[in-house]
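In what follows, a single structure is set out as structure tokens and then discussed.
Naming follows writing order (A, B, C and D), and every chain is counted from residue 1.
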Amino acid sequence: MNTGSRLERLEKGLRDIGLEPVKAPGVLRVDAQPESLVPAARLAVEHGYDHLASVEGIDWPSEGVIEVIYHAESYDEDLRGTLLEIRVKVPRDEPRLPSLIEVWPNALFLERETWDLMGVVFEGHPELRRLLMPPDWDGPPPLRKDFKVKTEGVFVNVE
Amino acid sequence: MTCPFMGLAFLGRLEESSRKAAQWLVERTPVRSLRDWAISFSLWPVHFTTSCCGAEFAAVSAPRFDMERYGFLPFNSPRQTNLLLIEGTLTRKMARAAEIVYQQMPSPKFVVAMGACAIDGGIFHNSYNIVRPHELFPIEYFIPGCPPRPEAVAQAIVRLHEKVKRSEYGVKARET
Amino acid sequence: MSSSVMEARLLEKEGDEEVYEVFIGPQHPASGHMRLIVRLEGDVIVGVDPDIGWVHRTMEKLAESKEALKAIPLLERMTIIDSQNVTIGYVRALEKLLGVEPPPRARYLRTLLSEINRIASHLYGMGLAGIFVNHSTMFMWCFGDREVWIQLAEELTGARLTHSYSVPGGVRRDLPQGFKEKALKAIRYMEKRLDEYHRIFFDNPQVRARYEGVGVLKPHEARRLGVVGPNLRASGVRYDARLLGDYGVYDELEFEIPVREEGDAMSRLLLRGDEIRQSMNIIRQVLDKIPEGPILAEKYLRLIPPKLREPALKEGRIKFPGIFANLKLPKGEAVARAEMGHGEIFYHVTSDGSKKPYRVRVVTPSFRNVILFRYLPPGHRFMDLPAIYGSLDYFPPEADR
Amino acid sequence: MGLVSSLVRLVLSPQFFGPIVFPGLVTVLAVLLSIIWVERKIAARVQMRVGPLYILRPLGGAIQMLADGLRFFFQEFIVPETVDRVPFLLAPVVAMSFAMLPFAFVPLAPNFKPYTVPYSMPAFLGLNTVIPLTVLAMAWGSNNKFSIQGGIREAYMTIAYEAVLFISAYSMALLYHTLDFAEMVEAQKVPGILLNPISALVFFIAMIMSAGKLPFDIVEGEQEIVAGPFTEYSGIAFGLTMGIGYVQLYGFTLAFTLMYLSGWEPLVAPLYSIYPALGGILLFVKAYLLLVFIVFLRAVYGRYRLDQALRIGWRTLFPLAIVSVFLSIALGVIGVV
């Protein structure tokens, strides 16, 4: 099977479950809904995208959503040039998504990190414990935009 | 801790007085200078890497720089060492571990902070997860640089070595 | 393999009362800056819980608070031993956003430094693998020979470890005089040394006993777990981000991607040796083929005031105009992948049209390999743990960012 | 005058000279101080380094261990609150004494025996078997997870090497028809290592295992269990525990020299006529060279795994030790010795 066929079949499959894949250089982009995430992921695994490269959360406070982006990757020669990008938007005040750990086992640490730093809850993830932050961290998730760090410039630390 | 000889009243407070006597003896000049000579040539840092400066710290004991010439030997357990090198950034999580390690070390003990991050955060000065080591430990030397070259680390160790040799450290021992 | 099987193996035996729990790290002779919570039943490991985050310095957040160019020195601190390869991905992502391409000479120079860094990084990993079975000579030899390559990189860039060499549109410095001879000398030296490594380390019966057949990772498991780098290739999967042809001049050079089939700790170590040979092969070709020309894209070269531009070009050293730090990133996003010594690094840069990137997502190879700590050790002896750890070439600051 | 001469006689008498001066206490300290320096220096040389240097430049830093020892002596000795104080404090001292006691059974010349028993070889080996027990006591007393792991490893290793060590030593006893070191040396017209190389090999490996030196320093496996049973020890107590292995090793190399390398033979006759113990110089030189060879192994080998070491002990060394017994009997029957 050549490059086109496997990717094209995946595209077709994604269309069949009601998603709209968009082709960009090196990336196949899909906007999904929380409920269509798992079927889309299962489809991706069937067509060769057998592991995740990244789970990423982007905070968009102006729209009131957190965008969770999954980048799936394959080591096969025909697919390795193209990343599969699945984007899901969840409300900012109650970000909940189904966990993809059953589909992509290596989501274990990626999802845990996204929960830790972005506050997205992955339902069905067996251990949403602190990963990178100290275990007693009780501040807001640090990667959200309303968590401000001091920016560049001269500043004096007033005790 | 109870003194095993507590029952023997005529011995008095044996433990305390013997400790005082030992302290007095150790502080006399010939004994003290012998002790400080020994310590200065036997600065054993503990195997504790706090951050990426550890790569340069490893280079310090590796062939090209070889600080073992001064008796500098990274060693296993904090109980047997006397030098804590803060190698770069100290995160909140790590700071707790560093404090425990420092408390586990037997005195006299020294702390050297390595890298810009250990001075005031360096490139991570505005991070939400770092701690400045001088708030936790009495630091003998700061080594600037990001990361400091191994020569700089070696120089700090030689400086510390000379300082200890001249007995110019903690009479008013900064105990924790 | 169904994922539920894998999960069972991952999370087996948690909370069992007959289990002896040992905390390895963060202060431990063989832990680096991480903690492994090891569950033992007798001498056999039943579970390992990698407790990372001890060096989490919040790079992703800080990168949002800095101008795009200033994040390069920041990001290279996560893998200080491999700083060219760790930043090249970010630089490529910026270049894709900005729509510039580096001139050919700059691409060759990047490749050159990438390979020098890769050798240094592999030597670092092999040295640690040596000390993890208490083979101090291997540690010292590797660290001693690593200095050769560090010195070479210093010659080229001016810094021992933190090079900050690649910038969007090119590189900071040109090739210094007499570099080729020095590099070739270093290659000749290293080739000789690799044979000696075989004699004292790789063919040492004691080392083979410790590493052979330990921590076997099968190809399909490696694929599913998303393992990267030499750990992946030692399991028989031929994948290397250099094959993507996204950066450098790898598509113009002839080299092999070494692959081994066994997937055990020994093959992971041997593979690093093979890769060092290939990297030296690449360096030779780069030095032969490198074209003349500018080292910064024309678009940015024009920004430098003419008074500074002439000496800069003559000296081969770019002094950036202030305006360069204020590059405005066009709105959009870019993905870049690059191959580090430890494996593939992934960058996803999102921009909202300001000077600072809106979001920088970086997934480092060590972070992707963390899962192996859960997956490989169960069933092995406690003493195998350092051997497995050593063979993975895990670098904690990189995983924690 | 009478007092001085009787003092001199006392000092030069085997009962005093042997355990206190040579090969006992004083020599042990000298060996301890020098061999660790030699070990670090050899390792450094192999590893393209210099090793300890600036402490005494003209001699290449030869007194490095003096500084380390003094530092340990003056350093704070922490007794953690969680330890079991009696075994914790007692075990290192007991271990050191039992490492020193065997020197009372090392003869320096045919009739220069500090403690005259016809069974000096089993007595020597037997006293060494106490040390693993004290290591267990240290591990238990420390009340530390790493220590207990180390203690268990010590227990495992003991079963693996001890039987082997004894069997191979007894095979030589069968060969020489004696259990006494001095008589063994006299019986060796040809060095024992040539008569029964299997026994020599087995004994050699078993003694490295016993002293816990590379490639069998499993008990102190620092990459897994920090410093094993010695993790909690600081100050002078750690100095003691660090020394035990070396003292033990020095004792074993003396025993090896006596049993396999024909001890003080060939006798340096003039020296011997001045004072019997001077004949022991050759014994010491042989033992020290052997010691240097063993510490050199550090630069070449890493550490074996526990189960591999046990396998080497049981599957390889144990049958070889049995074979060496049969070889000795065969040699004895045909009357080589």
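Rule of thumb we're sticking to: a contact is a pair of C-beta atoms (placed from the backbone, for glycine too) under 8 Å apart; a residue touches a chain by one contact, two chains touch by 3 or more.
Given the structure is predicted, the values throughout are model-derived calculations rather than measurements.
Engineer: Determine the shortest chain-contact distance, in steps, between chain B and chain D.
Structural biologist: 1
Engineer: When the centre of a chain is set as the mean of its C-alpha atoms, what distance in Å lies between chain B and chain C?
Structural biologist: 32
Engineer: With centres defined as the mean C-alpha position, give me the chain A-chain D separation in Å.
Structural biologist: So the centre of chain A lies 61 Å away from the centre of chain D.
Engineer: As a quick test, compute the distance in whole Å between the mean CA positions of chain C and chain D.
Structural biologist: Distance between chain centres, rounded to whole Å: 46 Å.
Engineer: Between chain A and chain C, what is the separation of their C-alpha centroids in Å?
Structural biologist: Comparing mean C-alpha positions, chain C is 23 Å from chain A.
Engineer: For chain D, write out the residues touching at least two other chains, lowest number first.
Structural biologist: In chain D, the residues touching two or more other chains are 47-49, 222, 226.
Engineer: Residues touching two or more other chains, restricted to chain A: which are they?
Structural biologist: Residue numbers touching two or more other chains: 133-134, 142, 147, 149-152.
Engineer: Listing for chain B: what residues touch at least two other chains?
Structural biologist: 62-63, 76, 91, 93, 126-129
Engineer: Could you run through all the chain pairs that touch each other?
Structural biologist: All touching pairs, sorted by chain label, are A-B, A-C, B-C, B-D, C-D.
Engineer: Residue numbers of chain D touching chain B in their complex, please.
Structural biologist: Going through chain D, the ones touching chain B are 40, 44, 47-55, 61, 64, 66-79, 81, 222, 226-227, 230-235, 238.
Engineer: In the complex formed with chain D, which residues of chain C make contact?
Structural biologist: Against chain D, the touching part of chain C is residues 20-24, 28-30, 43, 130-138, 140-141, 144, 200, 204, 206-207, 209-210, 381-386.
Engineer: Give the list of chain C residues in touch with chain A in this complex.
Structural biologist: 3-4, 6-7, 10-11, 52-53, 56, 58, 60-62, 65-67, 70, 223-226, 232, 237-239, 243-244, 246, 335, 337, 344, 346, 348, 350, 358-359, 361, 363, 367-368, 370-371, 374, 400-401
Engineer: Per the contact definition, I'd like the list of chain A residues that touch chain C in the complex.
Structural biologist: Per the touch definition, chain A meets chain C at residues 26-27, 50-54, 56, 58-59, 69, 71, 73, 75, 80-81, 83, 85, 101-106, 108-110, 113, 117, 126-127, 130-134, 142-143, 147, 149-152.
Engineer: Mind listing the chain B positions that touch chain A in their complex?
Structural biologist: Counting only chain B, the residues touching chain A are 91-93, 96, 125-129.
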